[in-house]
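Both complexes below contain chain A, partnered by chain B and then by chain C.
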Partner chain A sequence: MRSYLVSRSLRMVAVMVALIAATFFLSRIVADPVALTLPMDASPADRARVTHELGLDKPLPEQFVDYLGGLFRGDLGVSVWQRQPALSIVLERIPASIVLAVATLAVSVVIGLAIGVAGALRPGSLVDRVATLASATSVAVPDFWLGIMLVTLFAVQLGWVPTSGYGSLIQLILPVATLAMRPIGRLARVSREAVLEEMGKDYVTAARARGLSVMSIFRKHVFKAIVAVAITIAGYDFVYVFTGHAVGVETVFNWPGLGQLAVEATLRQDVILVSAIVLFSGLLVTLVNTLLDVVHAAIDRRVTL
Partner chain B sequence: MSSTVDAPRLSGNRLGDRLRHAPPLSALLAYGFLGLMCVVAVTGALLTPASPTDQDLAARLMPPFWQAGGSLEHILGTDQLGRDLLSRIMVGARTTLAIGVATAALEALIGVPLGLTAGYFGGRLERVIMSLTDIQMGFPAALLIIFIVLVLGPGPVVLTVAMGINGWMIFTRLTRVTVRSLKTSGFVTASVVAGGSHRFIMRHHLMPHLRGPLLAVFLLEVPRMILAESVMSFIGLGVQPPTISWGLLIGGSRDLIAVAYWLSLFPGLAIVFTVVSLYLVSNDLAARRARL
Partner chain C sequence: MSTLPDSLPDGARELPSMPARLQVEDLHVEFSTRRGPVPVLSGVSLDLRPRERVALVGESGSGKSVTALAIMGLLSRNGWVSGGSVTYAGHDLTLLPEKEYRKVRGREIALIFQDPTGSLDPLRTVGSQVAEAIVTATGHRKSDLRDQVVQALHQMQIPDPERRAGQYPHELSGGMNQRVMIAIALAGGPGILIADEPTTALDATTAAGIMDLLGTLAHDRDMSVLLITHDLGVVADFAERVELMYAGRIVERGPVNDIFYRPRHPYTIGLLGSVPDVSGQRVVKAIRGSIPSLTALPTGCVFHPRCDRMQERHTCREQAPDLALISGSDQRVACHFSDEADREHAAGPRQELAEPETSRSADTDPATHPLVEVDDISVVFHLKQGLFRSGGQVTAVDRVSFDIERGETLALVGESGSGKSTTARVVLGLQAPTSGRVVFDGVDLTTGDKRFPKGVRRRVQAVFQDPTSSLDPRMLVLDIVTEPLVVHDLGSPAERRQRAEEMLDLVGLHPEHLERKPAEFSGGQRQRIAIARALIVEPDLIVCDEPVTALDVSVQAQVLLMFERIKAHRNVSLLFIAHDLAVVRQIADRVAVIYLGEIVESGPADEVFTRPRHPYTRALLSAIPVADPRRGRDRDRIILEGSTPSALAPPSGCRFHTRCWKAEDICHTDPPALAPHGPALAACHFPEEGPVHMATPGGGSR
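Let's turn to the complex of A and B:
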């Protein structure tokens, strides 16, 4: 376990360093921050002044050290679009992303496990077949399009919920339903397999031979085994929202999360803000992924072998 | 990708054999649909019932033909400028499929040589390549793709490159694992003893065995990239008008969902059918390989 912890932490640091290097490369070398800061008709003198202010006239290694130093102080640069520190703009959007991620996680774990277990307890039944088909299809449906279809049906036609927006519980329903589709499908599939595998083991047969009912075996033994698996899988789905994969759904529902911010900043050519978003969520996700892997390894010792 | 498949080589030519090994109905439908899409993608605007770009302000926002106000002239209805939706979806097939296939191909182009090198030579080279793969797996891919589009400017080529360099890892992993297990097999050892060069062994002993698994992964990556392209085009950071893609069609009608549901319904269904078909075909090919 200890050697696993060490190697996993090393990998985490490597990912973080590579991510910082990638954003540095993209925002300083491929993009031209000076041209993006100044109006089109800026004089050469202005260009020279801004180049100096941004520290772009220094040698590259020195720029990289400055860049790293800024990161450690929590300085991710100033947004060209909003003229505010990029970090504070990013932090403003975090609550909306967290709300979306937590609600999606809760809904998908409950529903996904319920469907998976129901199917596994009666394999081949109608419930099982419908669930299997649905979870296979869920991978093929673009989530943003599903969101639009749900809006058309439940907001426009039926008028049960608002079309978009952020702030109240009722506005949460459609975005969460949309985003939960894939995790529900995946969790249903994984928990079904897990239950079937666990129920096929010798100790279950032995317990049944001793006269215990299927339900009591399930409650006492099998359930524990699948919850552990489900939690780690759900964890990776939680991370999903923070890696910008919810960007289409956030756009559909006008949800002020990180993904929408990334799109707005990109449409306004705000390289500094976008690189701040990439760095912030990239580092966060790397940390969370590492923790999840460690938790997973602690639950399932086979991982560390 | 063609819609024809290698017949199982070991089975005879007898009709009974053929029927027994025929793909299930769902897979047949998938082959048919993909074949149709390929024809549509290749022919572009040649086969469309109407011009995909001609505007007709008198026929704006017409619903599909089975609804009141619709006509057979515009089977799936028209958009806010009176352009025929079916024709636009047909023309969009080319962009969407081309980007999906090109991105998956780029991923393979990056991933397979890396995996081949790692699996065949092993040692330090393998460790370096696999660390790179792990690092790339840890990156927030969607955000990096957006970032690259911002820095290089939107468009089909940039999108393909941005998605490809963020998604090659699965090819590396698969190739490496397969090559590692092949390396110890008798025919490779024999070839080494017989003086076969590394290149010869890779080409004539390893690649033939890799083709099947790689094709399966390729056929799963194409739909994944089609979905990715559609999101990017939908949010305005992918394909730019006047080029047409399915995601862009949905994006262009976002403000009209209250009045014209068909403008987002049908391009979305085109995506879903294509993606499902690719999954089914990939499954069917895997099942055939398992039988051999």
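Let's turn to the complex of A and C:
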């Protein structure tokens, strides 16, 4: 287990280094910060000055070293658009994103597992068939559309919840409901299959043969295996919620998270800020996935082989 | 439906003082399928008396495991008891509600399965699973639970139980896991243990230890054991009484000696004849045909399509026989003409299917070189190397050398992990050796660009263990069998077809089978197709990797006989990889025994089987259950301690020294060389001298 922890941590660091390098070089390839900083009609002298100020006249490897040094000092550059350090802008948005991601993940794991397990324990029953149909549908619905529909129904028509905004628990309901739909469907399907597979294994028959009830076998043996599976899926879902898909939902609900910020920063061609966002979410996703892998290994030691 | 109204009184007469502990009466079980309900058990009756060891014997699909599950009330969702009863302690278990049934399972009747590793929860330590069983059985958690667990593992003769208790199933060997399973099953102190193929997934030397343990435990704990198995050797060693199943029915029942020495049912007789004899004194005979599908059972006596005794009599085709008592004995048999068994015995072998003994010495011309020369090959595998993990290495094959003459069959024998299959892959050119040479008919196959010249590729063909996965399910048999001809660009389509028909004929199939797909054939027939495919290009060598291991005993005999016929007529050499010494005895001219990648003994089959020099060969021979109760129980038994060491860290000196009863200091340090002993070679510092003790077959009564 210890050697697994060490090797998994080293692998995480390697991925992070690769991520930092990719972010840096991509940002240098796709845009010219000098042109973005200065007005269109700036003089060549101004250009040279800004180029020098930003350190862009140095060779690329040297720039990378400077960039790395900046990272360690907490300096991700200055946003061209907001004229503020990119780090502080990102940090300001992080809590909202994390609240959304964690709430979505918690809701989807609990509901998804419950639906999947309920169906699997009585395969072919009405509950099972409804759950299977619902989870198949939920995976197919685009979330920006679902978001708008939910707002129209619950906020505009019924007036139960506010249409948008951030700050209170009640404002969390619609965005989470929208975002969690797809993970719930996926987890329900995967956990249903996993339960059915585990319950069909020899060790379950062996446990029944020594007098354990199906429910206690599920509790004592099978559930652990299902959690191991759910963790893997939850890892994907975290990435899914935290990166791509929150962008649309945050826009619909005016949620001040990283996704919304990313949209605005991209529209304003703020390369520095976009890079900071990409880097930050990338590092966070890497960290979370490593943690989930470790939890998975703690549950199933065979992973460490 | 055959009922047995008289089974109880007779049962009582057999042993009047002992009422049965468990009584199965006229049990019927059906399974639902897409084509409607299928009868899996059709009137099975059996008794288990206190301390009795009964074997329930049958081939695949006979319903023996379903019987066990039905007794335990553990039939899967699509199966149900449709008639009959299972009586235990005055209650019909089939009527018990699930909650009551749970009190019977584990505490009264325990069950262990074939795959010990799969029967344990992979995510929990074995100790915690034993602990759970103890708590379930006793109903409360005592403070000394940990000690109880260690004690239980210790009673199963698991070395170092404290450490083992903290390990996970994947860290233990199969034999060790089976011991854990037995500890778990016995935690509730059951009076009855049902063991469903408990040793089938294990190596011979490990299996012998498990059967030994089961025998001791049954005796010490006053248990009745219902042993479910397909292996007649295990039955002969272990059981007192035998119930023989065929197609969901019991066809013969009786004391073990009666079943083995005076079998009455033609199926019993055929099955016994199908078992290869490790002493080499009896030639395998086969039952024709294959086990019927439960969806299309024959009318009347279910065995009649395969029966030689029937002789087109209408009774057999129209009327199902009862399991009737043979007067003056404790034996029952379900055959209309069981009284003819005596006449058949008097008339000698039932069937002359056995080939005349082919000349065991290959026609060697001393002037020419052997067909295959394997010269000092080693295969080293490097373990998966992570980004930050240095991989170790495994020497799967360590400096192995052997020759195969033209027309000769060399058997390479070893247990799992011995490197025998890797060696086969090297000879097939599927695996490049790390060092050493393979020379085929004078052509060095291992130097140069390491690819077989196409001419050689044609001359070396392969047959693998699993005939299902070695045939493409989407291809017609015609395309499968002629594919080698297409690859080597031989013949026109018409000629290919004709060749394919000849080959099918040779392996005992019909030309019309060419237009079918593999799924329409039974396992044995699929293996015949695979053999036809190997033979069609007239190879000089066929490498057979466990070719009969996946087959039922009666089918295995058919395929073995076919190999013999091919050997006799085609002058083809076989490299025969197997773990079953009895099978090897049947077919091999020469034998090489391999342990942890090294050949420990090799020589002419007769020599190695009768005068084995290496202690491992002796242990292996003694571990094989002999399908002959008297001979089996008389023979010298060597039960090896521990299990095969990991190939990752092979022992120093002689690799066998960790399990060898003769090992001395020199064995720990100096690896013995393969040295000549008589006509054989053995790698041992203290080779055995005398012949092994093998009583004559049948003890003279057959």
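Operating definition for what follows: the second predicted complex is superposed on the first by the 266 of 305 C-alpha atoms of A that agree within 3 Å, B and C clash if a C-alpha of one lies under 4 Å from a C-alpha of the other, contacts with A are read in each partner's own complex, and residues count from 1 in each chain.
Just so it is clear, a residue touches a chain if its C-beta (ideal position, glycine included) is under 8 Å from a C-beta of that chain, and two chains touch if they have at least 3 such contacts.
What you see is a predicted model, and the numbers here were worked out from it, not measured in a lab.
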Practice item. Please indicate which partner A:Leu133 is in contact with in the superposed arrangement: first for chain B, second for chain C, both, or neither. Key: neither
Check your understanding: Any idea whether chain B or chain C touches more of chain A?
Key -> B
Check your understanding: Just chain B (first), just chain C (second), both, or neither: which does A:Met1 touch?
Key -> neither
Exercise for review: Kindly classify A:Ser213 by the partners it touches after superposition: chain B alone (first), chain C alone (second), both, or neither?
Suggested key: second
Review point. After lining up the shared chain so the two structures overlap, which partner does A:Leu60 touch, if you call chain B first and chain C second: first, second, both or neither?
Key: neither
Exercise for review: Would you sort A:Ala14 into first (chain B), second (chain C), both or neither based on which partner it touches?
Suggested key: both
Check your understanding: Residue overlap on chain A between the chain B contact set and the chain C contact set?
Key -> 11, 14
Point to revise | chain C residues within the chain A interface of the complex | key: 72, 74, 98-99, 102-107, 110-113, 115, 118-124, 132-133, 136-137, 168, 170, 181, 184-185, 187-188, 386-389
Study note, to complete from the structure: Within the complex, chain C is touched by chain A residues 3, 6-7, 10-11, 14, 201-203, 205-213, 220-221, 224-225, 228, 299-302, 305
Check your understanding: So in the complex, which bits of chain A are touching chain B?
Key -> 11-12, 14-15, 18-19, 22-23, 26-27, 30-31, 136-137, 139-145, 148-149, 151-152, 156, 242-245, 247-248, 251-252, 259, 262-263, 265-267, 269, 271, 274-275, 277-278, 281-282, 285-286, 289
Check your understanding: Taking the complex as given, what residues does chain B use to touch chain A?
Key -> 131, 134-135, 138-144, 146-152, 223, 227, 230-231, 234-237, 247, 250, 254, 257-258, 261, 264-265, 268, 271-272, 275-276, 279
